[in-house]
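Below is one structure, written out as structure tokens; comments come after it.
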């Protein structure tokens, strides 16, 4: 159990990333592709937080905890992840705006049809 | 390249990547290990600056410059959306009929709106004390405003939300972050250095020097950015109609009945 | 006990991600992504990152689904009417 | 061994498992219901986690989910109103069951917290959660009678 | 009549303000003057938005 747990979170992060890439490559709809990209993004959050975890520790938030009374997990990776979650959402919005624009210009959001249109 | 050939190429590349990733995972430090040199130093530094939430301290003090980069990505992404989704010359606005919303749902939306807004402000204000901060609270406050659209209709949302004001506030709060950074330079230390204000009492709203101010600037920036972003998307989805699409839509039926047609089929083909 | 919670949350994330990729219709994918946001928030909580969990809840439960659904609506409304202009 | 974490594991396993299965398969109406009920089950789970880890500040997560989970369901109820009118989802039994789980968890945690500010906060979260989910279910079963383009 | 409607509006805002201030004070763990001031400000914003939202829906 313990030996498996030592790599399981990393493996899950790798799996989530790969399945997102698979969806991205086989997608027939750009909106679906943007959703798959969001899945890929979440893999990076899982990986970062898994790196920062410490067994038996708690969050480094001292509003209801005396400093030093309990071991705490790594705050640096949490700060990186936290900003990226919100910024990632606006980047998703930008990609969705591009999708709307493509559908206006070409009348389709299927990448294969778009390739045919280009000639 | 045919679909089949492309799928094989993806599987080939993907399995190679998978092998590399698994090999890398096996060599990473074990999950849950006790050695976190950066984390321990960050906690010590946060406590020295009397910031109760270490994550806020990392974001707005120790790595405030990095957060400025994130903020500019956010700003640029919103700017890109505004440009991409603006009303084109061959488009015009056609306000939809008011939606009929069941009375209890509307009452729920109208009474939850202020509660959610105040919760968002609470999350922003207590960013340097308890879990939360400008990024999270800003999104909550902006989402709360859109209960007007969900529980009533788009016209009602437009009455309480002048988009231009939010665009200006977005730019102002981004500027406020930079000004706070340069204030450090003028005071004789470094850009975004947390030496400007007294550190205050640990675990109160005024503790942590410039952390609460930067936090509030980010909160306002994120809230306004999300409102502007959703305003553009709602304009496109609800109000803006292209000339030829509108005519065809009005000649036939109202266009919504056929809407499962094309994309639905594309979706099914892909499975 | 904490380990069991982490394993549970990790498996839920993996299952949810698989489902989000395999549901090819954007509407249904948006529904799965909304649940994925909640599941990720639970995982972040058991990994002792409540700040990130809050971030994920704020973004994943309402904002991302709203953006995707509005895009779906716009794109469908466009392709619902026959087009006569040159493409 | 921590009884609170055990209870949280049970609630989350049931909520996430059923929610995941419901949202991935079946007709649209069932998927939307599953999305609504997964938030209704995860919120008590988060409250139990906060108690199990001994951190009162984690309660904010449950507060946010109780507020924003129903908002997410309202998004789908509103923008899928056309699709849902043919086959309005009716799962009042499950909805009340999830509400009962929330009520039981909040009551037990209130009893442990004792009178004070923390107890009022828990009660507020419980009220927002149960009210929100009942309203979201109401919105799904014909809450938006006529929606023109959104 | 105008005075009456103005009074009603002020009453509505004041009621929301008080309710939201109590809500804020229940969310926090320790109360001190700065916390009260910030809470009062946030509750004020919430109360004004609540009133504006209700009017926007009724007026259509």
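Note that the chains are named A, B, C, D and E in the order they appear, and that numbering of residues resets to 1 at the start of each chain.
The rule is short, and it goes like this: contacts are C-beta pairs under 8 Å (C-beta built on N, C-alpha and C of every residue); 3 or more make two chains touch, one makes a residue touch a chain.
Note that the structure is predicted; figures quoted are calculated from it, not measured.
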Task: Shortest chain-hopping distance from chain D out to chain E - done: 1
Task: Chain labels contacting chain C and also chain E - done: B, D
Task: C-D compared against A-B, more contacting pairs - done: A-B
TODO: Go ahead and note the Å separation of the Cα centroids belonging to chain B and chain D.
DONE: 23
Open item on the list: As a quick test, compute the distance in whole Å between the mean CA positions of chain B and chain C.
Closed with: 15
Open item on the list: By the touch rule stated above, which residues of chain B touch at least two different other chains?
Closed with: 53, 55, 115, 119, 123, 126, 130-133, 135-136, 139-140, 143, 226, 229, 233-234, 236-238, 242, 256, 259-260, 262-263, 267, 270
Task: Residues of chain E engaged with two or more neighbouring chains - done: 23, 27-29
Open item on the list: Residues touching two or more other chains, restricted to chain D: which are they?
Closed with: 53, 55-58, 60-61, 63-64, 68, 71, 75, 83, 149-150
TODO: State which pairs of chains touch, listing all of them.
DONE: A-B, A-C, A-D, B-C, B-D, B-E, C-D, D-E
- [ ] Report the residues of chain D in contact with chain E in the complex, numbered from low to high.
- [x] 56, 63, 117, 120-121, 124
Task: chain B residues within the chain C interface of the complex - done: 53, 55-56, 123, 131-133, 135-137, 139-140, 142-143, 146, 226, 229-230, 233-234, 236-238, 242, 244-246, 248-249, 252, 255-256, 258-264, 267-268, 270-271
Open item on the list: Using the touch definition from the top, list the residues of chain D that touch chain C in their complex.
Closed with: 1-2, 5-6, 8-9, 12-13, 16-17, 19-20, 23-24, 28, 31-32, 34-35, 38-39, 42, 45-46, 49, 53, 55, 57-58, 60-61, 64-65, 68-69, 71-72, 75-76, 79-80, 83, 149-150
Task: Parts of chain B lying in touch with chain D, wherever the complex brings them together - done: 96-97, 99-102, 104-105, 108-109, 112, 115-116, 119, 123, 130-132, 136, 140, 143-144, 147, 149-151, 154, 234, 237-238, 254, 256, 259-260
- [ ] Quick one: which bits of chain A touch chain D in the complex? Just the residue numbers, please.
- [x] 58-59, 61, 63-65
